[in-house]
Amino acid sequence: MLEGITSEAFILGCSAIGAGLAMIAGIGPGIGQGHAAGRGAEAVGRQPEAQDDIVRTMLLGQAVAETTGIYGLVIAIILLFVRPLLTAYLNL
Amino acid sequence: MLEGITSEAFILGCSAIGAGLAMIAGIGPGIGQGHAAGRGAEAVGRQPEAQDDIVRTMLLGQAVAETTGIYGLVIAIILLFVRPLLTAYLNL
Amino acid sequence: MLEGITSEAFILGCSAIGAGLAMIAGIGPGIGQGHAAGRGAEAVGRQPEAQDDIVRTMLLGQAVAETTGIYGLVIAIILLFVRPLLTAYLNL
Amino acid sequence: MLEGITSEAFILGCSAIGAGLAMIAGIGPGIGQGHAAGRGAEAVGRQPEAQDDIVRTMLLGQAVAETTGIYGLVIAIILLFVRPLLTAYLNL
Amino acid sequence: MLEGITSEAFILGCSAIGAGLAMIAGIGPGIGQGHAAGRGAEAVGRQPEAQDDIVRTMLLGQAVAETTGIYGLVIAIILLFVRPLLTAYLNL
């Protein structure tokens, strides 16, 4: 028996799971940016004189790849600290 | 017994999990855009004189790759803040 | 006992999870389109004079890759806003 | 006891989850077709005079890669709108 | 106890989830066939005079790659329309 679980606890518990799931998005930028770092390092090895241009392009592209990881982080933080679903429940 | 959990709380709790699941879509753009960043950096190393064209093509293609990550974010935000399923339940 | 959860709430809660799951499809276009962006940028670096043809082919192929991500979005929107399963239940 | 949830609601709720799961198949065509788009763009850059043949082959191959994504969509639509499992239950 | 849900409904509900899970197999053919499409397009660019042979080989290989996606579809259709598990239960 799970007699003691209230509705509020259920919403908050599910929010914890949701926040964790959202962070799984971080797999993507991690792989992609690492790939970019590898290719960038390789390119610098081949053309050291173009190091500045290579690194700038790598960082620009990595910044774009970061975005979906940040989306996941934002949703997780909203679930943990803003808690719109609990607010919605309390306002019913 | 889960005596204390109401129908509204159940829908909201599931919405938290659904929002988290939707963010997992972000894995894709992260990997793909990072790949683009790597290829772009490499290409700039080989043809620095074509840097502008390379970076423009890279960013254009990355913007297309971002779309499905944004779809996931939109669905998560709808689940957290618009809550159409709770509204549907309350309107029954 | 889940005494407080009605049948309608159960269907709607599961719909929230289903909508989140459907968005996971977005992983694919994200990876694939990013790959296309990388190859496109590389090709523009090597043959800048063919930039228009390269970018057109890249965007055409990316548009095809987008389709399954849009399928997932459509199913999620149906689950959240059309709710055919709830309608089916109410019509029993 | 899930006293408030009827058998029909349980089947319909699980159908929502099943429909979402089926859409995950869309990951594959997204990755594969994007890869094809990248190779196609690259090939057009190298042999612009063969652009028509390259694009036709790319689109033909992408159409084949689309099939499993469409299978997933068909199963999701069956679960949401045809509901054979509910029919089977009602006919018991 | 799941008093409100009958055994038959439980089997049918789980069948809906199983059908969705089976479709995830479609990820594989989607990736593989797209890869084949990319290599095929590339090859046509290099040897346009061999286009027929290239496309025939690509389609033959893609047809083999399709098989596991079709297996998943067949299992999903069996779960939804043949329902051997329900039959087994009713014959107990």
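Annotations
Going by the order they are written in, the chains are A, B, C, D and E; count residues from 1 in each one.
In this text, contacts are C-beta pairs under 8 Å (C-beta built on N, C-alpha and C of every residue); 3 or more make two chains touch, one makes a residue touch a chain.
The chain lineup, named per UniProt: A, B, C, D, E = ATP synthase subunit c.
Treat the numbers as computed from the prediction; the structure is a model and nothing was measured.
If chain B (ATP synthase subunit c) is removed from consideration, the chains that remain stay connected by touching as one piece. When the contact pairs of C-D are set against those of D-E or A-C, over half line up by residue number only for D-E.
Comparing the CA-atom centres of all chains against that of chain A (ATP synthase subunit c), the greatest distance is found for E. Counted by C-beta pairs in contact, the busier of A-C and A-B is A-B. Think of chain C (ATP synthase subunit c) turning onto chain E (ATP synthase subunit c): fitted on CA atoms, that turn is 65 degrees, to the nearest 5.
Inter-chain centre distance (chain B (ATP synthase subunit c) to chain E (ATP synthase subunit c), centres taken as mean C-alpha positions): 25 Å.
Mean C-alpha positions place chain B (ATP synthase subunit c) and chain C (ATP synthase subunit c) at a centre distance of 10 Å.
For this pair, chain A (ATP synthase subunit c) with chain E (ATP synthase subunit c), the centres built from the Cα atoms lie 31 Å apart. Contact of a single residue of chain C (ATP synthase subunit c) with at least two other chains is seen at positions 1-6, 8, 10, 13-15, 17-21, 24-40, 42, 44, 46, 54-55, 58, 62, 65-66, 68-69, 72, 76, 86. Note for the complex: chain A (ATP synthase subunit c) touches chain C (ATP synthase subunit c) at residues 7, 21, 28, 32, 65, 68.
Within the complex formed with chain D (ATP synthase subunit c), the residues of chain E (ATP synthase subunit c) that make contact are 1-6, 8-10, 12-21, 23-42, 44-46, 48, 51, 54-55, 58-59, 62, 66, 69-70, 72-73, 76-77, 80-81, 83, 86, 90. Of all residues in chain C (ATP synthase subunit c), those touching chain A (ATP synthase subunit c) in their complex are 4, 20, 27, 30, 34.
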